Amino acid sequence: MTAPVAARTSAADSRGMTQKGETLLEVRNLEKYFPIRGGLLSRVVGNVKAVNDISFKLARGEVVGLVGESGSGKTTAGRAILRLIEPTGGEVIFNGTDVTKLSKGQMRDYRREMQIIFQDPFASLNPRMTVSDIIGEAMQIHNLNPGKGRIDRIAELLQKVGLRPEHMRRYPHEFSGGQRQRIGIARALAVDPLFIVADEPVSALDVSIQAQVVNLMQDLQEELGLTVLFIAHDLAVVEYICDRIIVMYLGRIMEIAPSHELNNNPKHPYTEALLSAAPVPDPTIKRQRIILEGDIPSPINPPSGCVFRTRCRYAIDDCAKVVPELREVSPNHFKACIRDDVL
Amino acid sequence: MTDHATNKAEVLLAVNGLKTYFNTDDGVVKSVDGVTFHINKGETLAVVGESGSGKSVTSLSIMRLIPMPPGEIAGGEILFSGTNGQPRDIVKLSEAEMRKIRGNDIAMIFQEPMTSLNPVYTVGDQIAEAVMLHQDKNRKDAMGAATDMLRFVGIPAPEKRVNEYPHQMSGGMRQRVMIAMALSCNPALLIADEPTTALDVTIQAQILDLMRKLQKDIGMSILFITHNLGVVAEMADRVVVMYGGRVVEEGDVIEIFKAPRHPYTMGLLNSIPRPGVDAHVPGTPRARLEAIPGNVPNPLNLPPGCAFEPRCKFAVPECSKAVPALEDTGGGHMARCIRWQEFAKADHEVSA
Amino acid sequence: MTTTAPQKKVKERSLGQSQFSVAWGQFRKNRLAKTGGVGLILIYLMALFAPFLAPDSLSSYSTTDITRFQPPTPVHFRDPQTGALTRPYVNKFSQQLNMDTFVNEYKATDEKCPIYFGVRGASYKILGFIPGNLHLYGTGNDQAGCNVFLIGGEALGRDLLTRTLYASQISLTIGVGAVLASTIIGLFMGALAAFFGGIVDTVVMRLVEVISAIPYLFLLLLLRSVFPQNINPIFALYVILGILAFIGWGGLARVTRGQLLSVREQDFVSAARALGASDNRVMWRHMLPTMTTYIIVTLSLSIPGFILLESGLSFLGIGAVEPYVSWGSLLAQAQEGGLSSLNSRPWVLIPGFFIVFTVGCFQLLGDGLRDAFDPRKRQ
Amino acid sequence: APFVYPAAWTAEQNTANKRGGEFRNYALSDFKTFNPFTSAEATSIPGTEADTSATLFTQDPRNNEFIPKMAAGPAVVSNNNKRFVVKIRPGMKFSDGQPITADDWITTWKIHTDDKVGSNSYDTFFINDKPITIKKIDDLTLQFDFPSQSSTALSIMSFAPWPDHVFGKAYKAGGAEAVKKLWGLGTNPSEIVSAGMWVLDSYKAGERAVLKANKYYGDWNKDSKGNPVPYLNTYSFKIVPDLNAGLASYLAGQLDTFAPSKADDLAQIKKSIDAGNLKAFLKANVSPNSTSSWITFNWNKSADPAKQALFRDVRFRRAMSHIANRDAMIKLALGGLGSEVYFSVYPIFKDQTDAGIKAGAPEYKYDLAQASKLLAQIGYKKKNADGYLVDSKGKVLEFNLATNAGNTVREQLGQVFRDEAKKVGVKVNFTPIDFNALVGQLTAKGENRPFDAILLGLSGGTNIWPFGVNVVPCGTNLHSYNNPTDGKCLTSQEQLMTKEYYQGDAELNTAKRLAIGAQLMKNEGELQPVIYLVGTNYHVTYNTRVGGQYTPEMMDAYYGARDIGLTFIK
Amino acid sequence: MIPFLVRRFFQAIPTLFLASVLIFFVISLAPGDFLTPARLNPGISEEQLRNLSISFGLDKPAYVQYFYWMWNMLHGDFGTSFQYTQPVLPVIWPRIVNSVWLVLLNLVFFYAIAIPIGVYGAVRQNSFGDKSINVVLYFLLGFPSFFLFLIVIYFILQIRNATGWDIPLGGMTSNNYDQLSSLAKFWDVLRHLLIPAAVLALTDAAGLTRVIRGLMLEVMRSDYIRTARAKGVSERTAIWKHTFRNAILPIVAGIGGLLPGAISGAGFVEVVYNYPGITPMLLTAINAQDLYLIAGFTVISTILLIVGNALSDILLAVVDPRIKVG
């Protein structure tokens, strides 16, 4: 168990170090390969290149969206940043420290500051623990609010996420999906984190409930000044709550831009297609859409060069040659495409 | 309801007062409790609603695929005017007659393309099975038809694919196979129960595009069940909104989106950010979504009055007294709310 | 900020319902399972109080008044002359070997032996330390020929009911003991394999495979032959128990490993790790508890298997040995008589029905538990 | 001239000369070999083929006399009854058609007496460690030389000859090893040659062995009307795992005979017969069986002098005999049918036991009071809290008693003994153990042998001199109570018994031999070296579809119920 | 297919190796060695014992003995049975073949009973028929197989007595087996096998029936069955073509693993029914400490099981296209 003193110091340190707007988290060349074993001796016969050399920065207090099709590596990236899965390569610099280099014990202190909210509100809560156990566990691990104060703090957290303190003694299966997601949020908040990875927190929820959770997250983010990496499928939601958006495809970043900029002025053919594919809830608007051909290729053998070229309507021969680097094409707007002549 | 049957367009399917109940250990679940709507020939009717509001049960009732027990169709009628135009009540058909309708006159595709195909038979076999069942073809011809269908739904190299197993295909491809299977016998009605929910947006766009194209080619009607209002806006001619096992609003798609008359529909429309429009601009204060408070109702424990009353911000004491009637608000637009007139008035004031 | 709408209809509970209480509620609805559970409670109580319930001690018989295979003695409640209700009594029996049919014939005489309740008799110790000499019923005197053999006598003329009751102590504990032991081994090995992975995993899983590849009966016989036959009978029981456990842990280990590996990937475990929980804590607080349901169900479903197996071993002569008896060894003793057991003294098969009953109860209970814990089976 | 089976041997003549058919017997364990020299089972294939049907002499069940069978006539005796010259019946052939000559006996004898072969019959060719020698005079004449005079000489000479052209050849070429390799279970039955009535036809392990009549046997074996013997074509053995399975088969009509041992078996058979399901003959308690159970105490326990002294104390052993409730044992373990036994001579040899009892051989019958008295004399007067006798030092009177696990009857005998002993305060720790281990302990030699007491049984022995050759004399392997390294007797009675044993064995006169036996019994009874308990009775039952059994007065446990040669299917 | 078999073969080697080590060392742990019974035989001389001891390598440490044995086994020599003084393989092979027949027929019955009943139970879930069959099977499940067999034998006897039918009461062949034509031989063996195989299958069928019922119910709830019904297939097609084919997959996968249990289960019956299979001989061999015979039996059964597992894998690959055999 971590010494409480150490935990507090490190927390205090990092809190003091950055101001709003300064870089809190920097991801450099992050990679995660899942080996595929096969054959007689179960040797590694290939790799799923789930996250393939991605780099980006998050400023303190910023909400950044991470979108992309299923299998593009969003979850893997999020978890690798938190070292819930060990990255294969690259650095994750949090508050000036490369957390990928930390030992397990050291890492534990940093866990207080980096939290995660999961997509599936049913799988992410231990069905055998009461709500207070679930939320209290975080405090217990880091020895926060010991004694009577802990219960009060749990009650406070529950209220903060829109539940009632009486719910404390209940078990997760007694809650609806939206309520469970609130519990998950309360758990993440229990340790007073600076940074939260929200992995599709609303995808599994009913439409009418989604807005509740989105609002809640937005309120909390503002109130606590959290830095959030918001992973989602749904571009509309991401655009709505994020300051900036990172678009991923097949383990690589295609484009990074502020929300409105991305929406109004996508620079990458993939972003363009993604935007065009999203249906608009307005029957009066009839758009011409760009329909991508085929499916996302296998991450085991991604296409050479630009991974998107196989489905790109602007692809040229050169696209197969080099992996396009992520370039800043306008202030704060990056894209990984060699063609500047289109879009 | 007969007044709807008098519509100018030809009614293909009319569901009248359908009640489908499930007898569970904890009591009777009234999943569908007096649902009434109709589908005209060639049109796309979207059914939207909360999870558990009875959308799937309604569609399965039309197919008579409700597991019995525990389910039962406790009342109402489902009038289907098949190819001969003579309306028949599906609820009363024998199982053998029903089998002739299934897959032939009414076909269905489901939400989960990954699990909706039998993993141990090739996709060709599965399509050919439907063809052989309804079209008196031998296996070879049926396989030929299956290949044609695969080509028809835009699967590349259908000759090869026809002999592949579902696990060898991606989700989008499987959903195409499902569509191919459903369309293989030229059904008059295609029921699509959330056909794209499990798919990525880019694939969803492909599938929706395909369905629209095919509908144009074949001229069938589609009963389109979905959560996604964007999809509704894109696909539907008319919309039925369900809540707690009942239809709460029904009408032309534009009407529903522009002038909703039920607080649930309004809440639904306001609770989703619209792409492009609601994008966050840095420096500006963040907008808030208008959330519907509370939880999805427990089907075992519906309130006595309006099912939406506990979550409704317009609720008045009368709401909990009795179930409001589905009232015509004009132009085929119906709503099940005692205060719809107030909303209509407010609407006019705002737009005026 | 949004708030949840007050739920009017659902009664508020301040205390949550754990999975177990939900399962319990579910279980209570299952009539068959409840019957099984009650049956088991009764049969275990019977085993616990066997010395009190039994009119006699485990292996007492007389060499002067021989009662070998005496048929069950009917209990009378009415006076034969007056027809009035009397104190229950049995008749005194006389016996004679019929040299024509070679059957030892027992005949009821007119003499009556009244049955008393709560008689003092052979002393015993319940649970090994509560002494007593009170017996539920008996004739209270040692008059020759006055025996209450409710289900008859066995080969040495001992009361079969007494022996069946005592046998239940061993039959019921050896199955449970073996299952518990194999569960502990299985859990431990499975957790070991899942936790350390790599070479430990390979070795454990290979071992499981090897053990399951050898037919269990052969392995049992082989292992039993390692121990000399003339070991202390009670030690022999432990040996059997150990062997049963040894051959039985593989399945559980495999499942434990699989389950733990899959749980390891589950979100709530990730969540705990994200909170900085140590490996230990993750293992004990989050991963192992997921096994409880499975274990409860397997336990209740594999105990009957082990009871059957024990009876099989006793049948082959390597289970409980004199002076200890189990239902299996009682049956084996019955079987030694071959067809005679069935033809002329079918009551010696009664211990078999205790097996059938117990196994049946365990099956019902186990199925009930499985259904109760299975979320798909509930609403 | 052929050997003629006396007509009086059968109660029922085969007047219609029925021939052919099958007699269905059973065996309790799988056969292990077809080789007559390595075979060791009770029922063996070679034994069935020839051991009773192809011998120089055969015993007449009517009067126990030896009559010539393969011998052409009575042996010519000389040299003080130590030399026997026997003429072989001419014209006899093996089943492969080869003539049977003196060489076959010589070879057979040589192989049996080669200790590398490990034949079970090895011992029978020695008297008091001195060999019997056999010489070939000519092709049809044999000369037997005994080291000393023997009452059992004719019996010893009656062993079955095995073909010299098979075994002799192998023995000359490869010695003992070559002989042992011959005629394993894998051998094709057609290669197996027999001089006797039967020859192997087929064998299915675990199921049955089928023997067919040796076609040359009838040439020299005829019934009283001159018809060749055997009448049967086939003699089969169904292999059953235990007697219960055998009984079930018998009741189902699948076997022609069964050896019931318990009252239960008899009751089942009787019931079936009475119900008309089985047409069979049943006669119970035909005679006592030639077997008995006993308890032996180990006199060689140098490591535990107290126990050794106790076991060597004759009063203790007599007390033990008083404890043995033989009546209860018969009723409980044998189901009521059996005989009490007090001597090593089986009750079936009634002439001998009667003579012994007349001569004053004592029977220490069940009498707990007497047992207590004797134990008190030894010094066990007080009982402790548990009710066990203790000596002056407070040591409990206790000993271990072992028997072989799996034998229900013996386990029950032991239990009865233990429970009766408890009544007088003797603590008997009774444990059934593995048979092989038990025999190992019993036959161990030395000053400190590994057991206290063993409950076991013996069977076998001849009706000529019904004392065990390896039981009575000191130093033999079943002299189980006292077997020190040097094999010396410990008591004068043992010495006397050993002397009387050899004396009786050498005595050719029956009456005199009985008298010697009676003295031996008296000595043995007084010494009580072994506590004899009970013996089962012999019962006869067979399916009435077969005929040709002995007359009822001829049937007994020793001769059985029929001669298979005269058996026929009705 | 071929590479799959090769891989299976190589994967089986360590299992077989470990199993043989386990078997051998368990046997060597037993008190005494296989010459112990021989020492009690007065007919065997000291010298002979010594020769035997050397020729079987018994004077060497256990691991050396193991390698002797292993080495010989690789050459097809399983050692010499002491009881039979013959090479082990010819002694045990017929027994193994006999047991395999029994087990195979038992399995046929097992599935023939369990599959229809299980499917019926799922299709008519909770109907009276479903429940009553379940009760009967539950009841049978509680019976130790040997106990049930005693009762069955008793009833056969009664039937025989009552009707005079020649129902076999044990064993594997009739007395006149050798005289029969090959077809009659086949029938004769089958007649003997029928009852033990069927009764054994009955006692165990409850478990599988419930598994099949559960699997069927699960598959019947699955989306693709709904799809099939939506196509308008008949009830029969939906059940047998679509549901059953998928429901048996786990069972096919488990066939191989079932064999050890089946062989053991059959063992009890072999003993009661006096069937010349492995177990009765094994029991005697253990009493006689016939080391090589025991080891031979165990190793060969283990090999059989590994082969069985491989077969069931192949079978599974045949019925389940998702499994790649390559």
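Letters A, B, C, D and E name the chains as they come in the text, with residue numbers starting at 1 for each one.
Assume a contact is a pair of C-beta atoms (placed from the backbone, for glycine too) under 8 Å apart; a residue touches a chain by one contact, two chains touch by 3 or more.
These are the chains along with the protein names UniProt gives them: A = Oligopeptide transport ATP-binding protein OppF; B = Oligopeptide transport ATP-binding protein OppD; C = Oligopeptide transport system permease protein OppC; E = Oligopeptide transport system permease protein OppB.
Given the structure is predicted, the values throughout are model-derived calculations rather than measurements.
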Fewest touching-chain hops separating subunit A from subunit D: 2
Contacts common to subunit B and subunit C (chain labels): A, E
Innermost chain by mean C-alpha position: E
Pair sharing more residue contacts (C-beta pairs) when B-E is set against A-B: A-B
Centre-to-centre distance between subunit B and subunit A (centres being mean Cα positions), rounded to whole Å: 33
Gap in Å, rounded to a whole number, between the CA centres of subunit C and subunit A: 54
Where subunit C and subunit D are represented by their mean Cα positions, the distance between them in whole Å: 46
Centroid spacing, where centroids are CA-atom means, of subunit D and subunit E in whole angstrom: 40
Multi-partner residues of subunit E (each touching 2 or more other chains): 31, 153, 157, 271, 289
Residues of subunit B engaged with two or more neighbouring chains: 291, 293, 295, 311
Junction residues of subunit D - those touching two or more other chains: 245, 248, 251, 434, 437
Residue ranges of subunit E touching subunit D (in the complex, touch as defined): 31-32, 36-37, 39-45, 47-48, 83-86, 90-91, 94-95, 98, 153, 157, 160-161, 169-173, 175, 177-178, 271, 274-277, 280-281, 284, 287-289
Residue ranges of subunit E in contact with subunit C within the complex: 14-15, 18-19, 22-23, 26-27, 29-31, 138-139, 141-147, 150-151, 153-154, 157, 210, 257, 260-261, 263-265, 267-268, 271, 279, 282-283, 286, 289, 294, 297-298, 301-302, 305-306
Contact set on subunit D toward subunit E in their complex: 22, 24, 29-30, 32-33, 38, 40, 115-116, 118-120, 122-123, 180, 184-186, 201-202, 204-208, 210, 236, 238-241, 245, 248-249, 251-252, 254, 272, 275, 277, 434-437, 439-440, 443, 477
Subunit E contact footprint on subunit B (complex, rising order): 60, 63, 65, 67, 95, 99-104, 107-108, 110, 112, 115-120, 122, 126, 129-130, 133-134, 165, 167, 178, 181-182
Residues on subunit A engaged by subunit C in the complex (per definition of touch): 1-2, 79, 82, 84, 107-109, 111-112, 114-116, 118-120, 123-131, 137-138, 141-142, 162-164, 166, 169-171, 173-174, 179, 184, 187, 191, 212, 215-216, 219
